[in-house]
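Some structures are shown below for you to check.
Paired with chain B in one complex and with chain C in the other, chain A is shared by the two complexes that follow.
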Partner chain A sequence: MLGGNVRVRQLVVLLLVSRIFTTLTYIPQAGKSTSGLVTLLVNGAGIVAAILLALPAFVVFHKNKGQNVLDLSYTTFGRVGGSAVAGLYTLYFLACTAIAAAKFEYFVTTVLFPQSASAAVLFTVILTGAVIASFGLEGISRSTLVVMAVFVLSLAITVFSVFPIIHTYNYLPMAMGSLDKMVYGLLESLSQTAELAFFMLAASSIKGSFAKGYCAFVTITFAGFMLFYLLVEGSMGIFALSQPFPFYTLASIGEFFSFERQEAIHVSIWIFMGTLNIAIYVWAACVSASYWAGKLKKPVLIAAVGIVAFGLAWLLAGNLKLFADVLFAMRTLIPLAAVVFLVPLLLLVFSKRRAKKPCGK
Partner chain B sequence: MRKISLALVLAVLCVSLGGCFPVSQLNERILIQAIAVDYEGGLFDVTLQYFVAPSGENNNTDVTGSALISGQGENLSEAFRSIAVRSSQTLFFGHNRLLVIGQNALDQKFSEIIHFFNTDHQTHPNISILTTFTKASDIISNKIGQNTIRAQEIEETIKNVAQTGDSFMSTLFYVVKSHMDPTQQTAILKVQPIENFDDVRIVVDGVTLLKDGRIVAQGDVDMIRGINWIRSDIQKAVVTVEDADIGLISCESIATSAKTHVTIENGAPIVWVDVNNTCRVLEMQNGDPDFIQTKMQQVEQEVSAAIQAEMEHAIDIALYQNDCDVFDFCNYIRSQQTDYFLSFEDPSQIVPLIQVRTSVNTRIERVHPRTEYR
Partner chain C sequence: MLEQIKRRLQTKKRQKNPPGQTAFAPTNPQHLSGELTDMLIHIRRLFDNSGDLVCREIQIDGLNIAVLQCESMVNGERLNRAFILPATGLTFGANPAQEFSNWLQSEMVASTDQAVVHTYEDLFTFIMSGFVAVLVQGLNYGFALGMQGYAYRSVSEPNYEVNERASREGFVEPIKINMTMIRRRLKTPKLVFEMLKVGRVSHTDVCMCYQTDQVSRRTLEQVRRKLKTIDLDVVLESGYIQPFLEDGDSILFSSVGVTERPDTVCAKVSEGRIAVLVDGTPFALIVPYLFVENFQNFDDYSKRSYFGTFIRWIKYASFLFSVFLPGLYVAVATFHPKLLPPVLLFKIAAAEETTPFSLMLEALCIHFIFEIMREAGLRLPRPVGHAVSIVGGLVIGDAAVTAGIIGAPMVMILALTAISSFVVPSLYEASMVLRFAFIVLGGLMGLYGIALGSMIVLVHMCAQTSYGIPFLAPITPFSKWDMRDVLVRRDWKHLGKKTIQVQNMPGSSQTSEGKE
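After this line comes the complex of A and B, so read on.
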């Protein structure tokens, strides 16, 4: 259900579109992450850390092509263990859906339509995401190619617009970075990249090498962060810290010939990307849930996931302190490490133990 | 079944489009074009210039489609609220192009004012910020003939003059950035209205320097050019010098660039500002057929000296007399001499130590043949 096969590069593009939206709506005041040229180091370390996290998964999926982490969990841990793992992934992706929807609502009601009803925004975006998710992975990934092309064009215009106001003295030197902020920044970057966990579920749908696709995604993503950082801090400097959404402000201050205030055009593309961001999390939550609630029909399952996600997102959107606490919990990297590293590692260990048992015992 | 589901979903989506609720119609909004903020007797006095479709019946509008409305309050939010209540309309800041702040408001409430507009999601970071010795409301309420000066005309006046280096765009973006940076101080363009019979024009009157949110000095018009040379913000400045043989000679800059590098000598930062100026000769009082061979180099040196004098004048007033770094020198020090910068617990202590060495290299690229009557 909700399947379909995708080529590796289609999947990479899909997940890039999803992750870019999270970056575009990054709120500096929400964390204490690093700024300055040391951010380049942090992003470089992010590539290495993300690859290290997935090492057990590389081995597991290399040995078991055509299966995803949940298929293998049922095979390795049995029905109960497999359902527990499926439940874990369901919870994780439900949380990601709720967080993504709440962030989307925060963005829309802060800079676009402050008077909009929070529930109306959440309902619209989750409903749209659920409908998109119902088309399956193949359908979603085909549509993102167009979105990506348009986004790259809009990014090129933004770069061209702000290039004249970039000054190298705006970059805080490396020596001004501190180790704790670097670590915090690394944790924050990684924890917000739930797409790494998405790979675990999509492994059975990939036509091509899982490891190559994962590494390509990680490399392009963190390289993209470096580009965004260079643009934002180079042009705005310390002013960026006063903005709730620095990249949105960047799009508004740049001038492309006589065109000013381009953010209205860029935002329309971002909203599309934000909806895809939520759609893939809904898809992942539905796929995970289908393993332990397989008796439910597909529309019912999608509706159930949508309703639960809506409820969670509404809770988060209405309570800033709870939202901050949840983001902090995610930032500890424990949830991501559990689904990307720990489960594949357990699969690797227990599958080896099973292989070692002599016949008949 | 699938088509029915899709149709239902689309119908629900159309109805639930969150962005449309609530919405104000165009005639229910005040489309603000300029804002003037004064502060007297503990109250903010805010005047708005807003767009109104020209109508012969409305006595408060003129043929340019601008009208004025004022309100007062203990803070800006209350002042704007009083205007909204009086007019029974929603204020829309998205089209605002200009913010004029009276000197009293600038001195006492600068941080509050800047914070208010910086956090407003409709206000564009590129709006121009000006100050004036007269009431701020006088700037946006002055009339040319029967018409109120529109914000767009004020902004274009500033922009056009900026090309010659005689003004600069002190935008909200620049002002907030310099205010947030502990090593930077803020320079805001000062204007005043000039009356000439029925005609009133806004002219650039100088620059106001702020430090830690308070006014510390006023700079004259000549200082503006110096700031612009150092910031490399000049597109086509005219520099006029007097030569003993040629008389007055005016050169117009074609391309200008300023390079800044920093060295440390005897524990003090030395900022080297090297300006390269390519220009063309506009006018010579007494033409010389052998100008290129005999006089050009001397004129280049004289032009360089004039530019250097303007730069030194700006540095003297801002940096040496008032410890105001409005030239981003501290940013260059932080970037190029990081260890030295980090050796100070409070980086603002670096500003009084800065010494500046300027040099200008002028190259005349075009000299037009002189037109003579035979």
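After this line comes the complex of A and C, so read on.
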């Protein structure tokens, strides 16, 4: 499932597409994050924080080109340690898949098909994600150029549609932001940066600089948040905070010449990105699982990951309190830090210790 | 367990009948004996006294000679004039057989296409290819003289690739004539025709055509290996060997191109591709083959660049219509009617109000009926073929709508879809399958289902390769230079600036010589 060559800019575009979907389906009421112009500060801090979080990974992959985090774990920690790390990554990506699928289900059942069964939506989207994941990283990353081109067109139409109704008085002043909300907002946006873990897993397939690719991704992502905020709050003001999906509302209120209510078209394009979002997590979970369950054939592995992810997503979608608790747990940054900060740090420490030991001992 | 048993049975079968072996040539090929009578008896026995084998025994200055041919495959007048008449006037010395052999190989100029034959298998292959076989008493080898005179269809305009401003020549069935059509257009010694035989029973001539200074050696080796390992009894059409040349991940879209035109083959070969000609069929195969090539044809390059670009975009739009239009109509009309302008919505609602079926079922039925009519139109003799169009137009276009079984908008959608699908005929099969799939997805899940299906198809196409070259190159991976013949058709002053080599497309794992 690994192998193949992916250019770093293709991977950046892939992860951007995946992240954009998360941004477009952001629910303001789900957290206590900040709003107003202070969001711009939070996003700026987010770039710095995301890069700081990745510093151990930068050093590790600068020293070990052509290997991914699991290859290095097996080399450094041995079979048992490597399997433990692979298991950790598998669980993390399964959780990401389930959360992404549950959020997707919530979006679709709220916006498109309010009467539909959540199991049906979860099943179709996870099945699609699993099928896409089976095509491999190269195929997925090549498809993102087309998806991104279509999305940019859709975004341009949306911006053009709402531009006449953007007013500067809609922006809440900076003074309205509080420090705890700023911190909360920073933690929330960082907790969704699972893409670093994905970068670390795909490192053996990347042609290009790991560090540059990740920094470019982070910068563009947070710049995108700022644009999103400027559009949404500039056109809807404080009303945006009461909407479950503000960007969806934005797409539906815009008028493009004589065409109104185009949100169904935009949502269809967003669904492309949503399926990619789930597909990359399914792929990552399968790749991680293949390290400790290598005897399973690829279709069986994908099916197993899909079934587990479906089960977890169904649990989350059916129990909002559990979903909120899981999201809170992710916002503490403990799972993310374990995967993207602690593991690379241990790799650095243990590889240095191994290098210091004299031969034969 | 089942897989292991299957593999063992296949190995045993291959050991019993290795590829390339025929009934005439078991494990050890039989050599000619030199005793003319014995040889003729053996040949007649192996031919099972078939009525088309003509055997003429003559004596020249005491030397017994047999001339064998398949009836109506040889140019009789040339045989008589160039071989029989001169040969009957020969006189020999002490070693008549050897003298005759020397004369035939050095002095007789009736045919430049001569071969020396040592085994019965080779003898039969030559005889059945229209050669004249000459066996001589005392020689344990024979001669095959190329004097073919069988009837074949004359060169005419290709049926499936019609162009306004391009050559009117299309390939015909004999492979040698097809080879000459290519050679006349590419007058370079770098153009090579590599002959192979495929088919245990049919021994069909297959030719790999490529330019040595353009082709990728790795691709060439792959194609050669695939052709040599084809395990079929008979090969009657290039479609038989096409699946063997495709990459394993080609499900919907073929990574092997098909063409009837020699000018197209020349253009592709000069870009580093390999053409595979098959004797007995006018359809040549081209590898590697990319998705964007389905939208390129000769008229694009003969017309002015702005018009060529416009036609290119019409083809892209037609393909998208033929795949998505019915599914989108079903999805929008069933699940998202608010997308339609009110006036249009009322008209559609009024038309569909009286129909007994759901839009999805209506779309599936009417498209299925259209496929039946299309197939009937292909198979019917021409005088009767007009009846199909009348029946189709009356039954579907008028009677069904008047009776209220289907709605008029659906008929219009069908008409536009059908016409669009014929603009790019090479993608007809894939577009038909996708069309039905999207109708079902749109009917069950609306735009959501179409979006999911589209993503799967898109990623599948992106993951597909053709001999190591991404199938969607140069769209993705993107190459600005190579897009000058995709999104637009730049004029020849720009197109001719740099030689295109398909193996140097972005993302390719094959490279041309000197770049590996």
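As a working rule, the second predicted complex is superposed on the first by the 359 of 361 C-alpha atoms of A that agree within 3 Å, B and C clash if a C-alpha of one lies under 4 Å from a C-alpha of the other, contacts with A are read in each partner's own complex, and residues count from 1 in each chain.
Here, contacts are C-beta pairs under 8 Å (C-beta built on N, C-alpha and C of every residue); 3 or more make two chains touch, one makes a residue touch a chain.
Predicted, not measured: the structure shown is a model, and the values here were computed from it.
Q: With both complexes superposed on chain A, which partner does A:T124 reach: first (chain B), second (chain C), both or neither?
A: both
Q: One more residue to check, A:I132. First (chain B), second (chain C), both or neither?
A: Only chain C is touched by A:I132; chain B is not.
Q: Give one of first, second, both or neither to describe whether A:I253 is in contact with chain B, with chain C, with both, or with none.
A: Touch partner of A:I253: chain B, not chain C.
Q: Look at A:T219 in the shared chain and tell me whether it touches chain B only, chain C only, both, or neither; answer first, second, both or neither.
A: neither
Q: With the two structures laid over each other on chain A, which partner does A:S268 touch: chain B (first), chain C (second), both, or neither?
A: second
Q: Considering only the touch criterion stated at the top, classify A:M236 as touching first (chain B), second (chain C), both, or neither.
A: Once the two structures are laid over each other on A, A:M236 reaches chain B alone.
Q: Pick one for A:V146: touches chain B only (first), chain C only (second), both, or neither.
A: Touch status of A:V146: second partner only.
Q: On the A-aligned overlay, A:P114 touches which partner chain: chain B = first, chain C = second, or both, or neither?
A: first
Q: What part of chain A is shared between its chain B contacts and its chain C contacts?
A: Residues 108, 112-113, 124, 128, 131, 261 of chain A touch both chain B and chain C.
Q: Help me check something: in the complex, which residues belonging to chain A touch chain C?
A: On the chain A side, the touching residues are 7, 10, 108, 112-113, 124-125, 128, 131-132, 135-136, 138-140, 142-143, 145-147, 258, 261-262, 264-265, 267-269, 271-272, 275-276, 279.
Q: For the complex, which residues does chain A have touching chain B?
A: Where chain A meets chain B, its residues are 108, 110-117, 120-121, 123-124, 127-128, 131, 167-173, 175-176, 236-239, 241-242, 249, 252-253, 260-261, 299.
Q: Under the definition above, what is the set of chain B residues touching chain A in their complex?
A: Residue positions touching the partner: 5-6, 9, 12-13, 16-19, 21-22, 118, 121, 124-126, 173, 176-177, 180-181, 328, 331-332, 334-335, 338-339, 342.
Q: Quick one: which bits of chain C touch chain A in the complex? Just the residue numbers, please.
A: 332, 336, 338-339, 341, 445-452, 454-456, 458-464, 470, 472, 475-478, 507
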